[in-house]
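Below is one structure; the comments refer to it alone.
All chains are identified by letter, namely A, B and C, in their written order; residue positions are counted from 1 within each chain.
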């Protein structure tokens, strides 16, 4: 009896839901706010088909922007990107599940062999996504902070535990540092961001940072942590006296304070140009084949205007594809990513640093072989 | 309790033993398809177990440390070394705390809905509780971060200030409170609807005659509940709690979102970075894991599987012992 | 004689039907009184706060009503009053987090929940664009969950029937035990299992909605079995015996007598099972993948469900994705609510009339 009343509700609710959803569909072509050009830049031709890609989560925002722009310009093409993580991306690529992998790390010898076999030739790394890693903090009354590499390492290694520590004060003569415990916040998930951050610490401050370099935060440090960039941001914002590291794209989006990092004698704020600069000043990675653009970041650089903490995420592709259509689509899509427009779209959406002209030329040289 | 329990709830009557050995074809088909379903479940489970074992073996054979007693988790690199001791501890701690918080409250709510609240209110409440069971764990995690943490922080401070002499409440209190206790509370809230829903259903099934008999003998409402409802519902409540425990043990997203993990074995409930659960570890590391790491994570999954097995065996044992005493 | 002049005192005055008891309005009055007293004291001390006020009022109420009852009605009634208070408090306490979860979701969810959100997919929408909806995820949720239910309910229900009606001996024991074990399979492990199976069957990269349904079934079947088993057990044996006595075959007894009697409980059980899996994220990430586009075919290419959608939006960070996440969560709750009502309606139609 009561239930028949519920029944009526249920009927109405269901009917309403059906009426609402029966006529659902894709949104109108994105017109609001985003920088999505109607056409591809010169020299990049549309290719039809479906491209399945996947891998690093770090690229996700940029990849969404790229896909969206590319798909609007090329209605016959569909590009999927699964942010399953770099590891899964590389594995899926080697298995042939995806035609393009995003990866925060260079493949090891074993993976390279598997990927080469999948390609029936060569698999190469293209550094198309460069993202500065910002050191963010939440400290009442302090908006600006200079931190030298040793101090950053000391803080995250929990040797420097109070904000009024002399080491911090020495770099910040003007700041009023409170007597407050420092709560360092790291990523709780395994990530390329952590790996690059830790690699930086162990390169520039090997004494203050004795831990192994890995995508996983050293487990011997009991620390606060958050899942993913968003998790680190909420954790940093959730406490007072917290400090953490995140992809720079989060800084503006969440209105966070970021520290200037000591390079040589000066302190550098992160910026796209400063981050891109380190890529050009770094040598090629050891042991990679001809034509592969994997690099070994030179964190210890003392060049002026270089921001040293960056994350480089590669696109891994084959130099030739069995399926000609797939090859054409990969070539077209990746050419777009490397183009000035493509890099600009990523910079706007994800706060990444556009690649330099030199890098672009190298990438284009690799892609040239693909279309044939 | 012999008098209050229908003598054969566990063993439904058999149909009259077939003097005529010819069985009806309908019966045969029905019984066999029922049996087939049961066997299918065993097959699925065996497949899962075999799959876990096969996938876990590569890591286990490469492991330099002791898988069961080591606390460190470093399955990558040239000398992979990992053990689940701290993870098992963290998993059990979180799940048991959650269960300790949730079960009494769930029984309370179930009793309230089944025997205290006015009928109209009761059906509405039952409905709300059912709804809550459907909220995705991601949302509980999000709620834990946005609502619970700011509220619970001061409470933890208070606990530490006044009860800090008890080791489990020792400081420094984490800020934000991303600790095992917060995770347990989120888990408890998450399993509350499920445990409540099952317990309520069982309490409602208490034979009316038993209740009325108790009341007629002059029992107060509480005495009636204690003598008629609770004994009748005990096995149901335990299995409800097991359902909840199962979910708490295996919960990934909510824990991953609210807990700052660490690999220590201690009872400092208010400190961050001390504990981690197996399921959350899998969720956090799986995406970026290399082949060997995946294998190690699956080995951890196998342990979780084993824990569930042991917990369930223990629960079964308790239920059956209770039965011996009460019947 | 003296024995006649002093009539024996009635043994235990409380047993008398006319024993003294507190008036009906006593609890309400006591509560109001306690609240007032505590408020007065707190204000006088200058430490008035909603939390302190509530807690202290309830404490004072519990003490007062128990004491009053003990003096007037005797120990047993006092205990009853105390437990009643406890149950109410327990209930009120538990409702705080539950209601706050619901409230937070509704409050944040309505910001973006409009027809546009329900009718639009996320195709070609950037994370921070003020556009996009969850249509594809709503459809995905219904399809994936639907298939999981189609797989799990027959298997689970038949197994429960086997256990309760037929099961004897080792096989039944084994099934009972392993169903318990199965309830504890971590959802991510179920997902990995199906993902590996799919890799074997269809080769790499074959995400599909149906794979997600299978992974969810692994999680759902044991819940269906457990809850249906409990409910079938509660069907009085007299009903079965009466049916057998009339010469009805066993299978028809089960279908026509046992199932309808327990249909309400079984439906609730199925609803709990659906509720358990409809909010799963982890196993779907590795089996069904996710997509921004609409897909109605569970057997071809990726499919996204609402929880995965929520998770994806949260991990992208920022204000608008958060609003979308909450709106999707609210949508999910509304869907479950509708399903729930439907289930109650169904059980209402099929359930025989009983005294309760």
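Heads up, the rule we're going with is that contacts are C-beta pairs under 8 Å (C-beta built on N, C-alpha and C of every residue); 3 or more make two chains touch, one makes a residue touch a chain.
Keep in mind it's a predicted model, so treat the numbers as computed, not measured.
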Strictly by count of touching C-beta pairs, the top pair is B-C
Note, CA centroid farthest from chain C's centroid sits on chain A
Dist(centroid_CA(chain B), centroid_CA(chain C)) in Å evaluates to 14
In whole angstrom, the CA-centroid distance of chain A from chain C equals 39
Cα centroid separation, chain A vs chain B, in Å, comes to 37
Multi-partner residues in chain B (2 or more other chains touched) are 283, 286
Contacts with two or more other chains occur in chain C at residues 314, 337
Touching two or more other chains in chain A are residues 57, 84
Given the complex, residues on chain A that touch chain B span 2, 57, 84-88, 91, 104, 108, 111, 181, 183, 188-192, 212, 214-216, 219-227, 231, 234-235, 238-241
Interface with chain C, chain B side, in the complex: residues 6, 8-10, 12-13, 15-16, 24, 26-27, 29-31, 33-42, 44-45, 47-48, 51-52, 55, 104-106, 108-109, 111-112, 116, 127-140, 142-143, 146-148, 185, 189, 192-194, 197-198, 201-202, 204-205, 208, 218, 220-223, 225, 236, 239, 242-243, 245-247, 249-250, 252-253, 278-279, 282-283, 286, 298, 301, 304-305, 307-309, 311-313, 315-316
Residue set of chain C touching chain A in the complex reads 115, 118-133, 135-136, 138-139, 199, 203-205, 285, 289-291, 293-294, 302, 314-318, 334-335, 337-338, 341-342, 344-345, 348
So, in the complex, the side of chain C touching chain B is made of residues 15, 76-77, 79-80, 83-84, 86-88, 90-91, 93-94, 97-98, 100-102, 104-105, 154-156, 158-159, 161-167, 171-172, 174-175, 177-190, 192-193, 196-197, 218, 221-223, 225-227, 230-231, 233-237, 240-241, 244, 249-254, 265, 268-269, 271-272, 274-276, 278-282, 306-307, 310-311, 314, 325-326, 329, 332-333, 336-337, 340, 355-356
Residue set of chain B touching chain A in the complex reads 72-74, 76-77, 120, 123, 145, 149-150, 172, 174-176, 178, 256-257, 259-264, 271-274, 283-291, 293-294
